[in-house]
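Please find the structures below.
After this come two complexes, each holding subunit A, first together with subunit B and then together with subunit C.
And now, the complex of A and B:
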């Protein structure tokens, strides 16, 4: 990669002041060094880069007004020479010509191919902006940074003498600040100019630059002049702001290949290729042949090409990117995502040319924000401090009602309880005790405005006693305890809840939360399996959810009598109906451990990432606060570290017998 | 006479038929008859000779078997895209269970004898259909194993 060496600390401190009227001395010195000077000049109503003879060719007193699909020149109120931003041409034209003969072939005499190897033109680039220096550095990576290198580019790039100019003005299309390429120039130049009111603050960035600067009729700048040079560039940074959030963009774009916006923008795009032609880094080319009439002499020309061209990806028998939306997606994802994979940097420098010169006003910044917007930082709630969190301590709650869910499972509604319980999170549990009955852990199945619901299967003395309580009875509760469902893990994804039997109880509150925040998820689904139709919990809620458009509910039973018209089959058969890309699924799974193992295997085989599978474990508990030791599972207390775990956190411990 | 293009469009909405070669889809479309079943209609009787295989296009079917002491038990349901009457690809088989429509259904039904004859003579058809039948049977086998594990056992 070719870059001018960064100025030494001493050189950086060595600034000069050159009066505006003396700029010709710099141009003359460049010409005397054997170089043609390429600089900004007005042609066809735009400021373009072309050969200049003197400072009189520069756009003195002109400014450019730019926005999407809009470019106009207007008079400035002063006579600044570099009081514009960037025009339609870029320096790419001079190091990577748009039309270059790369070989000739002949049949007369000895058959052969010849590669022209002309001396590169000795050019001095006057007025190179920070974003343009960044573009040249990107081209260095493309053409010289890999195994195979472009010698023509190397020769032209090596021969170029660079006079950079700090930006002291900006356009509405500039976003170098977002791309990290400007407005400040940091190295990569031979001479750096900063234009202030009376002239230029000058710095040399290479020995060649220092030699030329030494011969200029320059003096030391005053403190005020040096300060003005810094202030003007800082003001440009403030004016541009940071309009495009870049961190994470490359990764976000990779996840948006199916975004409908590609088709929408393709409806507007006329595929003129202006964006690629004006871009200072686009490097794709086509190779064309021409020959004389008798075919004895032929030449191969390399021409700038555009991935928007309808023939760009065509092969015999078809076109890999047949639709305009394919081509737009290719361009944008290459610039801002896959370029990073190839060259270690994005392919955009934020110069804004593709925006200004788009005839239908497509603004890449808008498209990127629509297609791959930054993901707002996820706020993860913190568990509320539990009540009665010591052995033997319980807070009193009153039973408001008891409702039978199945033959042996009941929902006990508690109220008149410490408000901390109402601030619990779906997935948490309480320890509940009655006089003469040991405390048992019960998941909170629902949060109500004045209490919580516990759905309890009567399998032991305490649970049986609890399900036999009457309204007005009292019990002792400790909680809310344990970890809760990381609902944020499913933001922007397909949220799939897999419940087996009474496992729907700790998931009920999660389903409520998913439905309440429905717009944060791609889709929300509940797959619920039970042994028989009679074993289904929350049948009213299932019917309500099924009738809702917010959630897709699928219920299956292992076996049924002829009166059951619904689905029959194990819960994993429901995964067959998943129509989505399973890499974008976050699954929440609860059921008996065998059911969870089968479900997890089924989900992983469908492509659900293991770190996006969340489960809730059940273990014997006597205290719920990590003191009794009963719920230990391979170094974890299920009561404190769980019961909700990401599958990855459990690793080999899940699906292992006897843990 | 069914409109073959319509039948092929139906096949394309089933996992069984979606990725078959066009000529195989056409062959199946010509072999089969699109048939509607009303809710509670018995499509296949358990224990009777297997004489038709179907690809369910819409609705739901129940596979039921008579369990002494329990009466008719639904052992699984057939969902759109899946097949029923798979045993008819083998000669001399009896239906393993009754197939009953639990709601209004539509299926592409193929006569068992015609299907077997076509599979014998058309190797391309056989090479496409047999693996899919095997996949359907394999799915049921896996599901049955999980049912035997009694995932919700107490």
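And now, the complex of A and C:
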């Protein structure tokens, strides 16, 4: 009885109680309605679905213990008839037979093909679980939901009378709770049973079901009996828990087609195809021709096939999925990702059969968690409240040291300053002034435990004065100001830092942070270009990074003397050595504006998404807090809306002269 | 080639090398189809059935047995010359058979143990499949072969199409038949996951694990299955015994047998 809707509230309220000893009355009623009853029964050490004659065939007092590659029956302490979960059989067998003759052909006299008329057996399914109803609904979409439909399936499915059973127990391979398919049954049945201590709470879900229920020796359940039925199913939900985080999984899997885990699981997989055979939704088939010796009669049989077969995707010229890892990936991504594109739901109902019946114990839940783990929610940090945030006020800091980086660039270490500066973030800057020298914006190149570093090129009066300070001198600072590097944009991706000349200064703190959180990124790299070898900043740090396994460092110079053994060329020439899928790159770029334009162009042409390119802009600033108006760039103040921007936040304004 | 409507009966020969004749008996066991077969095929050579001999050429030669004696080298090459289609039947011809276990053992010691006058016995140190020596057009696997597959091959020759012989795990036949997996549900050993189908899961149907007589299917992950069986508590000697059966010499079973037995097979005789 196909697609019976969820019962109305009123119908759901119409419950009956049937004593366990009276279940035969239901089986007899189903048989009297002209149906064979298919239900759970014990065969060869498992509870299978097969024809049953009476309640005596049911697995009274048995439960099943299941884990990956393991299934055992065990005695219960009670005599429940449905005190197990799901076994090796699925109802697919009865609506979508494993062997079916789909056409015959004859050559005697007229040549022709004949299609057998589907005359489905009248079957009643006894003991259909919530996950199995979900599987039947998925098959409905596959076989009946499109332009071309499977008439044999339709006939068998329409003829099937469904007696569902609420799950009052669970096994170690159940994950219906994650897939949203159970354990509670919601509609899709003719009759629903919930087994409690003394018998069954019974509900009808269709007129046909109601007619059968009406004839049973049933009474109204007590309040306690109805309550027990609800409690038992709720307890199952709690016991299973939610082991597999599904939200976003379909999309995450699509990004993991090159994950090395596919090859690792293929090393274990024996490609027996048992997962696909046991799966209640796998629908792939092969057609096989039979003919008699004189070629006069032929028949086409349809068999359950498996995408794990080495010949499944073979054509005359070769095999489209030649490697076992290709085939495993096809199966898993189909179930949990591409099925959604095709049919609007996942192809998995969480019944766990593929886990239990895998002879080499592969657990799809483990594989999915390893291949496409849930991405932890990204917490975007908030900038610390700046100190002395008005143009005329300054906080005092002491100069702890001054170190020459190049001929004209020095790192000034400040200490004994307001702790707010230490809580700034890489990419932010300070306004620094000396008495009688105007304030200038300087990026924070490093956060130390007791202060910050400013790396300053001596080009104007203030910057020259700053680089001439001696330890113990004092200066006035305001900050930390401006936006900072969105390091989270690179989580799970290839983090690429591109620096030109003194542009490495605002990136230094970012590189420190990337290295400190190395596990959160696929790879971390620094591409650094300067005019000459002597123009390289932070040479000690460069050497240390180059020696570290946490980060790859590539340096190039525009020109060099014969003593330079490294690369020569502009920084964009380093992009040619990028070995990764550039759609998974997040790039952080700072340097002279021409260099940034060339770099951005180079990265985009390699496939780096524009929203994953982050740059830091330089503009004239007097105040650093959006009051003086000097740093405007179209609609933005570089000091407070920047200096760090995602490329697509700047849009057309970047790469345009005279803005 | 005889095709539909043709009245010429293809000439068929059945030849035998080192084997037990069980596959030939499987042909004779096709009692319900024998009259149909002889009405459509001219069986001119079949030592198990008749002492009548007839020289080639033949349309189809069915070859039973492995190449195990010096004279076999020339005999198989001559047969190949006479055959339009050469089909190996059974585990011996297709993979070397149970006697290929001697490829890992001391041949002289075996002969001395079995025969009173080993010097009278001329046998090779190795038993090898026919495909090691001549081109084989089709293989019917199994110990013995499956009668239905033989009929399918004969039918396909008559109709003029490729025989539909599937290469999938025995597990697939089990699952389609609704047989409960004895590995998972009872902890028993079974070669089904790595063995090619064609027997209709004969042994599992009778509650016994597959012993791999049809040999490995293409690309079988025998290494993983060997590990899996050992992980399930099977000692390495027992796993060796499972792989070291009727098709031990067929890769990738051969590698597992070599690894678990810690013994390399003897170098085989001249190859084609």
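As a working rule, the second predicted complex is superposed on the first by the 655 of 659 C-alpha atoms of A that agree within 3 Å, B and C clash if a C-alpha of one lies under 4 Å from a C-alpha of the other, contacts with A are read in each partner's own complex, and residues count from 1 in each chain.
Everything below uses one rule, namely that a contact is a pair of C-beta atoms (placed from the backbone, for glycine too) under 8 Å apart; a residue touches a chain by one contact, two chains touch by 3 or more.
Owing to the predicted nature of the structure, the values given are computational and were not obtained by experimental measurement.
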When subunit B and subunit C are modelled together on subunit A, clash or fit: fit
In the superposition, subunit B vs subunit C on subunit A residues touched: C
Geometry of the superposed three-chain model: angle at subunit A (Cα centres of subunit B and subunit C, steps of 10 degrees): 80
First (subunit B), second (subunit C), both or neither touched by A:595: first
First, second, both or neither for A:99, with subunit B first and subunit C second: second
First, second, both or neither for A:273, with subunit B first and subunit C second: second
Which superposed partner A:357 touches (first subunit B, second subunit C, both, neither): second
First, second, both or neither for A:501, with subunit B first and subunit C second: first
After superposition on chain A, the shortest CA separation from subunit B to subunit C (Å): 27
Footprint overlap on subunit A, where subunit B in one structure and subunit C in the other make contact: none
Of all residues in subunit B, those that touch subunit A in their complex: 15, 39, 60, 62-64, 71-77, 79, 100, 102-103, 139, 143, 146-147, 149-154
Subunit C-touching residues of subunit A, taken from the complex the two chains share: 43-46, 48, 50, 69-72, 88-89, 93, 98-99, 107, 267-274, 277-278, 286, 288-295, 303-304, 306, 309-311, 324, 356-361
Subunit C - residues contacting subunit A, complex: 4, 36-37, 40, 152, 154-155, 158-159, 161, 164, 166-169, 171-172, 175-186, 192-194, 207, 217-221, 224-225, 227-228, 231-232
Subunit B-touching residues of subunit A, taken from the complex the two chains share: 459, 500-501, 529-531, 535, 556, 558-562, 564-573, 576-577, 591-592, 594-595, 598
